[in-house]
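Two complexes come next, and they have one chain in common, chain A, joined by chain B in the first and chain C in the second.
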Partner chain A sequence: MGRRRRVYVAVNIALALVVLVAVPTWPPHLIGSANTTLLSVASLAAIWAIVAVGTGMFVNLSGLPTLAQGGLWGVGAYASGITIIHLDIGFWPSLLFAAAIPALLALPIALVALRTTGVAFLVVTIAFTEFIVLLITNLSITEGPRGLQAAEPPGSIGPLEFESLSSQYYLYLVFLALAIALYAAVARSRFGARLRAIRDRERLARSLGINVLVHQLIAFELSATVVGVAGALLLLQQQVVTPELFGSLQFIGIYLAIVLGGLTVLGGPALGAWIVLFLPLWIGSDDPNMSLLIYGVLLVAAMLVLPRGLLGALKGWTAGAAEPAPAAEPGPGGGDVALPPPVERTAQPLGDVLLEATSVKRWFGANRALDGIDISVRTGEIRGVIGPNGSGKTTLLNCVSGFLATTDGAITYRGEPLQGRRPDSIARLGLVRTFQEPEAFGSFTARESCELIVASARSREAVNEQLPEGADAVLASCGLSAAADLPVTELSYGQLRLLGVAMALSCRPYLLLLDEPAAGLTPTDAVALRDVLLNARAAGVTLVVIDHDMSFLLPICDSVTVLDGGTKLAEGEPDAIARDPAVIAAYLGESFAKRRAGMLAGEKG
Partner chain B sequence: MTTFLQQTFNGLSISAVYILVGVGLTLVFGVSRIMNYAHGQFLILGTFVGYALVSAGAPWWLALLIAPLAVGALGVVLYRTMFQRLASDHLATFILTVGLGIVIQQLIVKIWSPEQRQIASPLTDSVEVGGVIFTDARLLMLGICIPVVAGLIWMLGHSDVGRRMRATAENPHMASLVGVDAVRTTSVAFLIGSALAGLAGVLLGILFPFTAFGGNAFLIKGLAVALAGGIGNVTGAVVVGLTLGLVETYGSAYGVGPEWQDGYAFVLLIAILAWRPQGVFRGTVEV
Partner chain C sequence: MAALEIVDLVGGYTPKVDVLHGVAIDVHPQEAVAILGANGAGKSTLLRVVSGLIAPRQGSIRFNGAEITGVSPHRIARAGLAHVPEGRQVFVRQTVADNLRLGGMGSQGQEERLERLLDVFPVLRDKLGQRAGELSGGQQQMLAIARGLMSQPSLLMLDEPSLGLSPKLVDEVIELLARVRRELKTAFLLVEQNAAVAAGVADRAYVMRRGEVVGEEHAQALLGNDQLLSAYLG
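Take a look at the complex of A and B:
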């Protein structure tokens, strides 16, 4: 954040505070309506703001639009009311129930909903909220559609009393400040960074050892707790709550607040809540149908005109003015990549068997992508895997790394079976893979990406101590130091490829599986990549490399496995494989054999 | 036994509505990746257009033709002017289409009335066979829904426009490379999907009294049908829609009280997605 922007944010926060704190002193004619008092609208806005912050926190960090928070908000309100009435406790103890019961209920909801993504996630959270509303409407303890009444002002804390409406208003503001502080803490924590990484590219996060479900579940629980507490505050403010307040489509008001203020800005959802509740009053309409119509038009306009919200748009303008675009221009052909000294290929004694696959099968219906593959990789080896397109190379890699279940057969790593383990759990054992298409976390810089993984890997047991620790060391070893602070979206293709390897190396793995790492690289980048791989091997990393580029692959391999049609065609030393008639017929081709023969003749002559 | 057959017949006519709504949602989403949360208000709009036509003296069968066309045309216009820009952003689509739904609902209230209405039709008779009463309005519902859905399934499988829709659903980029106009094909999907909502609306208006506020209940059930059937899968929506209508009717007659009737859709959707997150059938526009 630039200094000008920091000052700008500080001034805005100060202004907002002055305005908010002064609300009880505002003259009543500031709003057009005589039926509502300014203080009650401001109080409701503060409560909406808490719900918007709690919901926006989850939606922004996970990328999953949820409507379950509508129902959970209601559960918080009813949990508070029912415990006040039936357990005969005061407001403060009831707050505990308003936090705990929605959190408890959020657990099964999240476990079902998080199995889905995108539109299915949204719709299944609608179903949960509607079901909660139906329960509240039909159960006797919730007093049905007429609603639950509980007028219990909070008991005083020391010298602070909460009898008056203005003191209650300040109470809501305190809770709003707490909610925003929680959001800020989560967003800036390593946990929040991992959540954003999952949001940006879920399977990449999994491949680097991040447990997706646990992170999303914790975020959902935090959000449920915040909206639950806001439910208790709503009951305190309204004195009566009815089931239809919490319906999934009523929750659109909260989303209007979130998008009007700006989803990706910390204070956005809170600002939006004030706009949503005050705007109909300022427009001067008492007609509820008219204010609904205004909401509808606002929702449409917000999405078409200001998709990033008011604060989001402001942030864009001020950031654009205050922070010049990074000056570093990626050079042509990755020429800016600082190459570390190359490592000569040395014959190293191979260790024990590290990875062993025994008659592994993976069938997709009638298509036998893998039809009984045996492969055994020893510690310290660089193993090449080649074969025509569709021969099962990537399927094999997916089966080993846990992204695909095997139909039959056994895969062991360090003598332990891998079956039934999820990809992230396999990665935490020190077995890390990369992807055929270069993947990156879109909202991170290169350094942030590696820092995220380095920090996550620090607590793991299976780390290769020989590899350098720390994002800077990893980036330097991959020749990415100059590009470390560029957003990944500005990296060149070659740099993205190397970043993929750098992120995998940040896990400090024992075994690295690379899927066509040299595909599409310029000769310079391919040399850089080769040195990265040889350096990694020198640090004790075993490598399995799929590639089509024989001039890249064959010189670095200790041995090569050739796949064809889901079975193993040949296996052996690179030179022997390059001469094997069956391999030439199936994959390498006659012209390659001639060229290679010529190359060999040239070397001898 | 007679009661059971009566419940089955009544349940099937409710199923017909859920199928029309769910198939429309699933077809539109399958082809465009846009979920239209204003779909329930489209249905109610169909009801009111039909009501306005019949009140102005048009025969009920004309209303059955014109109201779906009007709603279908609205769907195409909204797609071309608004939805198209937000395709595949689920949150933005949700907010925009719910907003449009609210606008449509409030306009209906302004133009017509917030009060309860019913379409006057001559279909008030009934036929009795073996103690089971087949009311004309419910027979009409089945008599229209079955050929319409069968025709749609045939069209998706065998006609040129159907093949284009399936191609666009499978891979819009590849489809456009081989000469399929994605925008036009998606417009056809919006036309058909929205018209099905309008049709369901008129049929409902002939059968039951209605207000401007009933749309969201049908939206939510249509969503449950579309998702549980495997989003984009027309046959899946038909199977789940059929099941839901029957389960609701039997549930009210033999199970827990009618106040829980709306809950079956939620329980069905949650249970199915907990079991198979992608829905019962495979996704993309399938028949």
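Take a look at the complex of A and C:
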């Protein structure tokens, strides 16, 4: 963030604070309505803002649309009220219950909902909220549809008293500030960065050893706690809460606030809450149907005009001259940056068996994608895997890396069976894979992508100490130093491919599985990639490489495995494989054989 | 008159960032032309602009003498300019036959056309009733090409037909495209990274780099000329 921008943001925050703090001193009927006071609307807006921040935090960082927070908000309100009434405790102790009970209830629902994504996630969370509303409507302890009354002002803390409405309003503002501070801390933490990485590209995050469920679960729990506390505040402010306040339809108002203010901006949801609550009053309507109509129109207009929300748009404008960053130079590292000296491929004594797959089968219905594959890779080896399209190469890679369960057979890595381990757990053992299409975390720069993984790789079960540590060292080893600060969306295709390898190397793996790393690379990029792979091998990484580009693959391999129709067609040294009539017939083709013969003749002549 | 005439084409996906910086190429009737270039050179963007999926910011595209700049994609397709996009995009849940018929929507004599194409693509005849998703990668690529031909285009644009195919299948695609040219007299505009495919199919090749055409060669001259290619592609 530039200095000017910092000053601008500080001025805005100060202005907002002055306006918010001054609310109780304003004439109570400024908003021109007889039965609502400015202070009560501002108080409600502050509470809504806390719910919007708590919900927006989860939605923004996880990318998952949740309506469960509506029900959890209600659980918080009722937990506070019921403990005040039945345990005869004050407001402050009841806050603990308002935080803990929603968090407890969030656990099972999150475990179910987080197995789904998109619309299914939304539906599960709606069902939860409706279930909660149904429950509190029908239980006797919640006083049913009449609502729960609890008019217990918070006891004073030292010299601070909370008897007056304006002091309670300040209390809401303090909790709002705490909620925003929590959001900021989470968003800026490594945990938050990993959450964003999961949101950007879940399977890539898994492949690099990030436990998706644990991260999303913690974020959901934090969010549940925040909205739960907001529930207790709502009861304090309204003195009575009824079940329908927390229904999923009502909660759409919170979403309106989030979208209107700006989901991706820290203060966006809070600003939106203020607008959503005040606008109908300014327009001068107490008619709930009218305000619903206004909500609807606002939501549609906001999506059309301000897709990033009010604050998001402001940020966009003031970030000023959002000059398009200079286009990335094509080629690795921006062309003029020297790669580390290439390592010549030397015969290297091979170590023990590192990876062993025994009669691995994977069937998809009647399609036997893998029908009994044996493969054994030794430490220090570069193993090529080739075969016709649909022969099972990627399926084998998916089975080894834990992305697919095997139908039958055993896979062991460093002598331990991999069965039942999830992809992220396998990655933490130092077995890392890349994907056929280059994948990257869309909201990160190249350096941030590697830093994210380097930081989480430190606590791994198995780390290859020979590989460079630190994001900059890894990026340099892949010739990406000059592109380190570019957003990944601005990298050239070749750079993206190299970044995929750099991210995998950031895990400091022992075994690297690469799926068509050279596909679509220019000759120069392919040479750069070859050097990266040979350097990795020199640092003790064992490689299994799938590729269709024989001029890239054959020269770097110690041995090649050929798959065909889910079984192993051949295995051996690259030269022997290139000559094998069965391999030529099934895969390489006659023209390759001719070109190869021509090349050999040329060498002799 | 050229079948396709592109003059000074400028544009990209967003108004602020141009991917193409003044591209000019032409394709004559029944000619096969390749566009070579690294990823990010703007080759696929060019095809998308020509088929109307992206509006150019500046420049002119004429197809068989008629200006098609700014015309909607379905009209361009009906005028006889077909586009087979990158990455074997077939409707995986539909049968091979239905995939092919979709390609011929709205044109006369569909069934005869289908028969004729199945003679050129015998692999597909055996699989007509199967879902396209059950085909291998190479077969899906064949299906995508055949579907593009169902509308009887006078010009077929192919985006990286060899990408991700095994060496043997690459040979088969080359042979197939040569046969399509011979028997159906279709002109080709072919985007490729694989010089062997370009040389095996095309008469001429343009080389693109960073949104500009940096060279034009007889396609045969590129084959086996690694120095020339390296100079162009980097």
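Definition applied: the second predicted complex is superposed on the first by the 588 of 605 C-alpha atoms of A that agree within 3 Å, B and C clash if a C-alpha of one lies under 4 Å from a C-alpha of the other, contacts with A are read in each partner's own complex, and residues count from 1 in each chain.
Just so we're on the same page, a contact is a pair of C-beta atoms (placed from the backbone, for glycine too) under 8 Å apart; a residue touches a chain by one contact, two chains touch by 3 or more.
Worth saying up front: this structure is predicted, and the values here are computed from it rather than measured.
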Task = Have a look at where A:155 lands relative to chain B and chain C in the superposition and call it first, second, both or neither.
result = neither
Message = Quick check for you: in the superposed arrangement, does A:592 touch first (chain B), second (chain C), both or neither?
response = second
Message = After the superposition on A, what does A:122 contact: first (chain B), second (chain C), both or neither?
response = first
Task = Figure out whether A:389 sits in contact with chain B (first) or chain C (second), or with both, or with neither.
result = second
Inquiry  = By the touch definition at the top of the document, which applies to A:65: first (chain B), second (chain C), both, or neither?
reply    = first
Request  = Classify the contacts of A:520 with the two partner chains as first (chain B alone), second (chain C alone), both, or neither.
outcome  = second
Query = Across the complex, what residues on chain C touch chain A?
reply = 16-17, 38-41, 134, 136-138, 163-172, 193, 209-210, 226, 229-230, 233-234
Footprint of chain B on chain A - complex, ascending = 59, 65, 112, 115-116, 118-120, 122-124, 126-128, 130-131, 134, 137-138, 248-249, 252, 255-256, 259, 263, 289, 292-293, 295-300, 302-304, 307
Note = Interface with chain A, chain B side, in the complex: residues 29, 35, 82, 85-86, 90-92, 94-96, 98-103, 105-107, 109-110, 114, 216, 220, 223-224, 227, 231, 259-260, 262-263, 265-267, 269-270, 273-274, 277-279
Key: Of chain A, residues touching chain C in the complex   = 324, 327, 330-331, 335, 367, 386-390, 436, 492-494, 516, 519-525, 548, 550, 586-592
